[in-house]
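Worksheet for the structure shown next.
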Amino acid sequence: MALMSLPEAIRLHVKDGMSVALEGFTHLIPFAAGHEIIRQGIRGLHLIRMTPDLIYDQMIGAGVADRLTFSWGGNPGVGSLHRLRDAVENGWPVKLETFEHSHGEMAAAYTAGAARLPFAVMKGHSDNDLAAHQSGRTTKMDCPFTGAPVTAVRAVNPDVTILHAQKADRAGNVLIEGIVGAVKEAAFAAGKVIATVEQVVDDLGAEKNAVILPHFLVSAVACVPGGAYPSYAMGHYDRDNSFYIAWDDIARDRDGFTGWIADHVTGVADHRTFLEKLGVVA
Amino acid sequence: MALMSLPEAIRLHVKDGMSVALEGFTHLIPFAAGHEIIRQGIRGLHLIRMTPDLIYDQMIGAGVADRLTFSWGGNPGVGSLHRLRDAVENGWPVKLETFEHSHGEMAAAYTAGAARLPFAVMKGHSDNDLAAHQSGRTTKMDCPFTGAPVTAVRAVNPDVTILHAQKADRAGNVLIEGIVGAVKEAAFAAGKVIATVEQVVDDLGAEKNAVILPHFLVSAVACVPGGAYPSYAMGHYDRDNSFYIAWDDIARDRDGFTGWIADHVTGVADHRTFLEKLGVVA
Amino acid sequence: MSYTLDEMMTVAAARQLKDGAVCFVGIGLPSAACVLASRTHAPNLVLIYESGTVETAPEVLPLSIGDGELAATATSVVPLPEIFSHYLQGGRIDVGFLGAAQIDRFGNLNSTVIGPYDAPKTRLPGAGGAPEIATHAKEILIVMRMTKRGFVDSLAFRTSSGHLAGNGERKAKAYPGHGPQALVTDFGILRPDPESDELVLTELFEGVSAADAVAACGWPLRVVDSPTRVVPPSDTELETLRALNARTKAAHAAKVTLSLN
Amino acid sequence: MSYTLDEMMTVAAARQLKDGAVCFVGIGLPSAACVLASRTHAPNLVLIYESGTVETAPEVLPLSIGDGELAATATSVVPLPEIFSHYLQGGRIDVGFLGAAQIDRFGNLNSTVIGPYDAPKTRLPGAGGAPEIATHAKEILIVMRMTKRGFVDSLAFRTSSGHLAGNGERKAKAYPGHGPQALVTDFGILRPDPESDELVLTELFEGVSAADAVAACGWPLRVVDSPTRVVPPSDTELETLRALNARTKAAHAAKVTLSLN
């Protein structure tokens, strides 16, 4: 593990055309890292995330991705992700190919990936229309012992998984507190792991059974306070639900969105400036 | 969940012929519960445990079981489990049929059981002689997507899983701190769960990401301080390594063993008396 | 006290929940119904969100499925894969809540797409956990406003399974859960016919006629012979719900500030 | 300083460990070797035990694989299934330690049974995690005293895979890990021949001849042309190891008492 700046970490590990998972389930979404990917003009990414959320709406609208693996693509409690829809429905700014799963399938696919298994197994009762669009990614099979029907789901192994967490120590052990989602599995499944954290400390001060990603799993740690905003970091700041509500208008049309990205992402040097521009720094 | 005495919990939920897993990996082994099963004269159990340890040496020697599913049957750092060997090699006191796995297979089998899947998948490279003796429990198969060889392991779902933990609250939520082994998976895989605990408290006082078995998973909680001795309960008492060393002599011959069980298990009323008899209560 | 249809729907949904049930909850009206139930007739209701919060007891309703409030008030927070494998697929959930853009008469749901999948007219958010909830929860409770576009003869896309084609198909396929047992609409409550599995109107809200419901529904809605009337919200139910909604509104409007180093 | 063969073996095993390596450790001599290495030339060695203790740094050696000491000094403790799936099968382990009752010339091991499986002469403890360690760790380090009963032409039972039948079979089968890279005995160190994969004697301890080793081995032991001499334990190595063993002996003899309510 190496401690470095976020621009260095992205430049070193995220290349055009890679598959990249920015994970974190509602909590600890790595917004700062997503913005840095936009800022560096990276293109052709295959983005992977259970819930694309605002971060992928921003990245897709900014044109960094041409593929998306996901399981629920909305603005939670608010409505649509307009940029995601525009990319799928109209190919703007880039035609987005989607690889769609259910949450259970995505969780299973990450878990298989973490265990370096080629596929995962789920119980086989799901007569829906999704399977027809999942060629090569899900298939029915029978239990070799009981004959019971099961569904096989192909593993997901991102080239890079990026996550935000509360703390890292100087060795690079990363502590996640609170809602952890599928971050641990996405990290173990990845070729490289980049973690942004609220603080780097001498001692994590964690309970023995805490969720800690070991330093030998982590390729780079960058200290980015506020790096999950407008998502949140339990113990540091709350989710800015008002921003999520406001996003619906910002993202609704292409010009408004493009202007917002120019003003708030590509037009600022770093996440700190972004936060200050929004006036959310105390 | 119901709070009750250990004898009640065993009488209510453990019946002749059942499959029963007393789990806990070195740490938190439910010795008090195992002794109560001996005391109640239960017979014909199919015992399941990754590491039979002294508790199953005692239960097997006392004749409660005729089947054993396991993955490592020794006295850690000391040597053989003499009663287990006598039952396998000579059928004393009861012929013991064994269903043998590796640790990885057992962990996978419990995990599949917890998820109510009929089988688990492991990577397929293991050219050993165990598979020939696992008919109907492991088999080779190919990944339906990549063709890679994998091994399927049949799920393990005990009728009852018994565990020891540090604390339960009055609703029956059970907190496990420290080495947790495969207890969580064995509990979720089971039909019924019995937990013995060091203390019953109003508030577990646990971190959010602590290992907690939810009350709706737990059929019975019994408060049995010292219930893991000579194994240990982190934060309460240490593993009595000297007892593990001494066990080698106690269990070496049938008469010595039978006398010890009569003196220390069937001849005492409860675990507290057992501990006092050994002189380990401060 | 007078009340809105939204309030009536929420109260009606809350009343479906038995004390002690383990519920898999979604955001929006399902959260409101569950919290209302746990603060009125079902104090021992167990609320689980797919974000991993087990036995949570929010003071304000979450905007997202993983708001901090849910973690802060939970007995424990577990990784998401464990929620789906050990809790949901593991058969530990009594009641799962679902909603969707479209429903058919057998309670199958569409939350994926309107129009062809590869060239969609409207791209909806997608499945989320709905397929697993629909399959594994012992019973399903659905809450949806009744419209012709939403209650359809034939789904544009089946995202999650209700009673499939009815007439016992779900049971014949040995699904672990029993499928939709109640559908709360803004007209009243539909329940599956014991023979055909078709959702039929069994209970009507005050001030609504069965004919109104039939007219609003996109399939030829069947009505039982004498639909019962749903008791209007009690003062306690309304006061509890309104206080909850007021707390929630204030919380969601609160300005977030970050104290950074 | 003079030293015992046990000490020489432990020191020789410790020296195989590169600083920063992630080791999957067993109890007994492997634990001693790892802790010794981490307190001499390899301060950044990462020790993982199958009980789930990650990056542990015991002050005294564990008697069991799950002693409290291992949890107390670990960075974190994870569930056992995660150790086997995410860490071991997940390819995160650099070095795995193994021992057994029997070994053959290709490093295949038996820790299951002597005699027929169904009517065993001697029932050994069994596999434990050995099959997964042998398969997945990037390399395997084996420590065993050399005897004719232990170093055999043909195993009574193969519990875990070394180089299989040699001549590249393991590589041809695309095993994730590279198999046994060193076998530390009480005579010296064996390493796999690059062509045949057969374990051959490459390094001898002081005061031992290659002929002694050949005489002790149950298979026709091959010796490289000029086996090197292993440097005897340094004073630092011996003092560190002896202090560790002394602390361990005292700790394992300590009387345990329970303060019960």
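Descriptive notes on the structure:
We call the chains A, B, C and D, going by the order they appear; numbering starts again at 1 in every chain.
The rule is simple: a residue touches a chain if its C-beta (ideal position, glycine included) is under 8 Å from a C-beta of that chain, and two chains touch if they have at least 3 such contacts.
This one's a predicted model, so the numbers in the text were calculated from it and none came from an experiment.
Once subunit A is excluded from the assembly, the chains that remain, linked only through touching, form one piece.
Chains touching both subunit C and subunit D: A, B.
Taking B-C and B-D together, the pair of chains sharing more C-beta contacts is B-D.
Distance between subunit A and subunit D, defined via averaged C-alpha coordinates, is recorded as 40 Å. Mean C-alpha position of subunit B lies 27 Å from that of subunit D.
Contacts with at least two other chains are made by residues 71-72, 77, 85, 89, 176 of subunit C. Multi-chain contact residues, meaning those touching two or more other chains, occur in subunit A at positions 111, 116-117, 122-123, 178, 180, 184-185, 208-211, 234.
In terms of inter-chain touching, the protein chains here follow a pattern that is not a line, ring, star or complete graph.
Here the touching chains pair up as A-B, A-C, A-D, B-C, B-D. Across the complex, subunit A is touched by residues 27-28, 50-53, 62-68, 70-72, 77, 79-81, 84-85, 88-89, 112, 117-118, 120-132, 135-136, 157-161, 164, 173-176, 251-261 of subunit C. For subunit B in complex with subunit D, the touching residues are 25-27, 50-51, 70-74, 76-78, 80-81, 84-85, 88-89, 100-104, 107-108, 110-111, 122-123, 125-130, 133, 178-182, 184-185, 199, 211, 225-226, 229-230, 232, 234, 236-245, 272, 275, 280-282. Those residues of subunit A lying in contact with subunit B across their complex are 112, 116-123, 136-137, 139, 141, 143-146, 148, 150, 152, 154, 176-178, 180, 207-211, 234. Listed in rising order, the residues of subunit D touching subunit A in the complex are 22, 46, 54-55, 71-72, 74-78, 85-86, 89-92, 176. Contact residues on subunit B toward subunit C in their complex (touch as defined above): 111, 114-117, 173, 184-185, 188, 204, 206, 208-210, 212, 214-217.
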